[in-house]
Amino acid sequence: MKTAKRNAIWLDELSTCEAKEAADIGTVVIFPVGSVEEHGRHLPLCTDSLQAEYIAVEVANKTRCLVAPPLRHGICNAGHNFPGTISIGFDTVFAVARDVLSELTRNGFCRIIVLSGHAGSSHITALKLAAQEAVKRKQDAGKRKTRIMVLSDYDFAYELKDKLSFDKNDGHAGAIETSRVMAIRPDLIKAKGEASFPSMPRFEIVADPERYFPSGVNGDPTQATHTKGKEINEYVIEQLTKLVDELKG
Amino acid sequence: MKTAKRNAIWLDELSTCEAKEAADIGTVVIFPVGSVEEHGRHLPLCTDSLQAEYIAVEVANKTRCLVAPPLRHGICNAGHNFPGTISIGFDTVFAVARDVLSELTRNGFCRIIVLSGHAGSSHITALKLAAQEAVKRKQDAGKRKTRIMVLSDYDFAYELKDKLSFDKNDGHAGAIETSRVMAIRPDLIKAKGEASFPSMPRFEIVADPERYFPSGVNGDPTQATHTKGKEINEYVIEQLTKLVDELKG
Amino acid sequence: MKTAKRNAIWLDELSTCEAKEAADIGTVVIFPVGSVEEHGRHLPLCTDSLQAEYIAVEVANKTRCLVAPPLRHGICNAGHNFPGTISIGFDTVFAVARDVLSELTRNGFCRIIVLSGHAGSSHITALKLAAQEAVKRKQDAGKRKTRIMVLSDYDFAYELKDKLSFDKNDGHAGAIETSRVMAIRPDLIKAKGEASFPSMPRFEIVADPERYFPSGVNGDPTQATHTKGKEINEYVIEQLTKLVDELKG
Amino acid sequence: MKTAKRNAIWLDELSTCEAKEAADIGTVVIFPVGSVEEHGRHLPLCTDSLQAEYIAVEVANKTRCLVAPPLRHGICNAGHNFPGTISIGFDTVFAVARDVLSELTRNGFCRIIVLSGHAGSSHITALKLAAQEAVKRKQDAGKRKTRIMVLSDYDFAYELKDKLSFDKNDGHAGAIETSRVMAIRPDLIKAKGEASFPSMPRFEIVADPERYFPSGVNGDPTQATHTKGKEINEYVIEQLTKLVDELKG
Amino acid sequence: MKTAKRNAIWLDELSTCEAKEAADIGTVVIFPVGSVEEHGRHLPLCTDSLQAEYIAVEVANKTRCLVAPPLRHGICNAGHNFPGTISIGFDTVFAVARDVLSELTRNGFCRIIVLSGHAGSSHITALKLAAQEAVKRKQDAGKRKTRIMVLSDYDFAYELKDKLSFDKNDGHAGAIETSRVMAIRPDLIKAKGEASFPSMPRFEIVADPERYFPSGVNGDPTQATHTKGKEINEYVIEQLTKLVDELKG
Amino acid sequence: MKTAKRNAIWLDELSTCEAKEAADIGTVVIFPVGSVEEHGRHLPLCTDSLQAEYIAVEVANKTRCLVAPPLRHGICNAGHNFPGTISIGFDTVFAVARDVLSELTRNGFCRIIVLSGHAGSSHITALKLAAQEAVKRKQDAGKRKTRIMVLSDYDFAYELKDKLSFDKNDGHAGAIETSRVMAIRPDLIKAKGEASFPSMPRFEIVADPERYFPSGVNGDPTQATHTKGKEINEYVIEQLTKLVDELKG
């Protein structure tokens, strides 16, 4: 991959000509996906979006990759019925991701990381099915092979639970998420947050998950600190950077 | 409508509790929709997105309405095959808009303006069909009636063509759009821009519209100025503000 | 294009062998699309269908093109809830048009005009999307290129408003439509018609458009005459004839 | 059912007010469905459409029922690959029928006969599934019950094979169809027609049915006469009239 | 076709390597489809499934073809509302059959018999449409041609009505079905069964077919015997064997 | 729950009357879902199906619940391209599960366990989305609440890895699966099996997963024994039994 001369980080801040140049030199693209979902009384609805976009921008700053305009809506399960949640359908998330990946590869951007700030299993499945459709299309001779990764930044963040002495069940709106938002957008911390380790039904599919999850929190946000958030984010950035480098090869 | 105490402009920067309060007092929501589409050599791909989002935020500042997280992708026709364009399907735009509107109304946000920075006719049709589905659902007794408007900020901007002595055919990436971007994000102006008034087939549906439209510009961007852009934006903000006030009533 | 020996105007009045001959010599096909929609107390529900089909047949008589069996149903917005309206879905209109265009081109009829008597914007969008799908399919070597036009006969008829001193807002069931039906099927004029210039919401999407539009008329049908209708129809026929000639080339 | 005062036979030749009156007095509606399909060298592509529409109009003349604007396209299997055939998809036929039946019942026309001139089994299945969806919708209290019949006029025509000494395998474009077209539209008889009793695979689904069916005829059209056609048509009209009477009750 | 060395009858009892060998030598595959539908007081809900699977296994024993894992659910019309019936949608049956046929042919199994124990017309249409899609796909050079048959074992069983002196209207849960179940799974005969020859509406599509069909039986199960069942099954096996042999050629 | 008098374990071996009785007394239903997927050289393609069905039948024997006719096809990712695999689409699995669950609840069977022998994440997501749709439907007053669980028997089986000294990465076609098949259908063990711990890409979505997974095995089947298989199966049966008891309550 040649070195890009552009300043822009966001793909859609390029002009059409600049986009062509970026595609021609094999620039990696990160496509951030978020959600609008309750995250307790203390975190904003955009918690998932802002983490994925922050990481994507930081990695782009380090690696000269580009960040595609994000999808800010996702599929929410446990938080579906809470005020403020905007959960869009499985088929809808799949369709957006399929169309965006199809257009990116038409443009010649064929090394792509779909980075989701939201880690719900049906949400991730929708993104993976879209990526599968893109990589299964036959490659024309002489073109770069399409390579797509799909992951949540939480795949990395959770690796630090032990090191940071967080509860092994820490999850949604817990110590990790709260720490990370503290480090990224401290102005959006609304309250102190209270610990809550709800017990969701293991196998039952329920229409009212909020009954088992009234706080909307799974973890102990009181253990969150700005410093820990910075450490987590740096670790995630480092890991993503490796993936970008792998795709550049 | 009572007065909101919150500082946030973006709906998803609220917490779940704040979102509930905002819905309860009947807050109007603007849902900005953009596109990733070539806009000549001189404007960025996000030209449509940034105009709609800028207007939405300014109107929210004036009216205390909220701005929903945007949809940054749209349906592009004339610019479809240019490098950098990311055009998503008609059914995809419809599905996102339908799901977002459905969730906003579930939350009690039932006064909504869908504000598109992109004014392509199939794009606008997809948004209108989604709004139709939302308003046709029966209202429960005692609830506020759902009211949704769908428009492009260009519906207003074009009203100033005469006043600003712009060509009556000024359009995509022309004097108006260039002026507006100059006023909003001057750092994203890439080049001077060249006048071009392409003659597209009036009725024929073509697979390669770029053949008739090689510059990707329809208008004379050399007539654009920062001052004119500011005037246009202020006019659009003023008109949108009236619509928000109408919905509050 | 060689000269056709057949007498038939309607494509489906040909036998299979005659259809093959017509396709082989490059015959242009007009596919008329109508609607079943209220047109005030004075005009029949089939007003849109009969105009498009009349024009198509007249143009076929002049140019030796063929008229495909019509689609008699369309997407109605403003008139949706009136008695007698039969509005079919967006996806349904798209599907019929897509399938018919696909089969026409399979048959070798690759120069096609989709002529809609109904000019609603979602209706026209559905037809255009179907045409786009047809022209985007790759052409086999040695075959004629597929060329498809989509228009409403009202795109031409409205050009005569000034000349005929009709109100500039004359529209649905107004002076133009009434004049044209007078000239085509005077037996279907049910009543005198009354002027009405309803004020529809500019941007709001409403479930009950008939509330703003109780007469179902937008214009002044009292200004309609048989002579004016004949003049309009002749003008439309003349313009369509030029389009057929353009496609023959 | 009260007596209708109108003259029109075709539902869409009514005005909106006339349609309301017709629905209010419980008028039965026949919805004719045809096809565009090869019918040998001697019959036109519209053979199925013209029979169904002729019968519908005659029955309407006798019973004062209405004829809805027809669907002129159907699903063709054996004749799919012949020149001139325009076969639309299963889902497309279903969608049109579903939407038309839904709109007819919204209008209060709740006694309906779907009369198909084409008798292919997947075509009829699509129509029946659409009717099922319509009758399964719950009825509001006090409204007439929705009753829908789906049939091909060939369900009756074939009952006369013995009486007319036609071959028991007489079918597509054979003696019956040819006789009927002779009686309805003699100007569309293109040639004498030749007998052909092709042997189609009993169970195999083939991509090229025309290989087994090169003449596009299944029967002996040389036995057709105008007189026999008239007899068949009268019999079908008589049977349909009974069905309309049954629905009126 | 070379001789298979394997013992298994069921395709999915093979290992991946054994499946490859079976495909390589051109093994015919029978894909049995059943239903879960009421069959009177005397027969089990799985009556259709067990007949098709029994026949498939017997034919496989004689011909060394394979039996694909069955689809046990179908589309039920007349019996839809009875307790115990599990009727799945038209699109669902189509989708399963389409996907299974697509995967069988990807594996190189390109001679296939879809054998349905249920003979409802929309059920069979769904299976036929799926087969059509499979056979229409273009074949790569050098590969065996895909050949697919779709039938119900009742297409053969009904041929014996005269010989066995059964009523010509014998059908659902009648003498034939009862005899066959007696011969296959006598332990599942629940009761004696009572004769019933219901008169279903000839053309009307009804939401409550059980009203015309309260016994859920169409025929005279009291005439059923184990011996007759055996005779029918043997005849069906013999006919299917011929079809397998035809596909092997 | 009253005690059932019937002998049958399989729901579709009941008659319509017996099914009604079983639903009336609140019988729990297990719906087994399998797959047709390569499982190395040593295990059959039906490995997933047979485990789920075996467990379901054993649990039914102990608890007097019923087993619905299985879905024998699933969504295969890693094994998709291997010979013998029959992978059906995501939407297809969803549609079957949605329809079956909808019909079971229509019948009054409203306590259901969807037990999948295949544990792929998109496969499980499809089943969970179907269950979500079923539980979200509003309950009529006086009816039992619909309760549905979705799980793989591997959710339990994997809990024994430590106890049985199996590798913590043991998975597809490894020691657990091989042991279980040894205990259930020893005749289907084809070969000894060889250990293989393939390293799949952690995040990359690849079109050819078999490249990373040539053996089709993930684990060490040489550690499998009949005794261990029996122990695992008994444990799984015990756990499932508890779930059935929980749903009965």
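A few comments on the model shown:
Note that the chains take the letters A, B, C, D, E and F in the order they are written out, and that residue 1 is the start of every chain.
We take it that a residue touches a chain if its C-beta (ideal position, glycine included) is under 8 Å from a C-beta of that chain, and two chains touch if they have at least 3 such contacts.
Computed from a predicted structure; not experimentally measured.
Any chain touching chain A that also touches chain B would appear here, but none does. The chain pair with the larger count of C-beta pairs in contact, out of B-C and E-F, is E-F. Here the spacing of chain D and chain E, counted between their Cα centres, is 31 Å. Chain E and chain F, compared by their mean Cα positions, are separated by 25 Å. Averaging Cα coordinates per chain places chain B and chain F 48 Å apart.
Residue positions of chain E touching 2 or more other chains: there are none. The touch graph of these protein chains is a ring, one cycle where each chain has exactly two neighbours.
Looking at the complex, you find that chain C touches chain B at residues 77, 90, 113, 121-122, 124-125, 128-129, 131-132, 134-136, 147-151, 155, 202-207, 243. Those residues of chain D whose C-beta lies close enough to touch chain C in the complex are 8, 10-20, 23, 34, 36, 38-46, 49, 68-73, 82-89, 91-92, 95-96, 99-100, 103-104, 107-108, 188, 190-191, 216.
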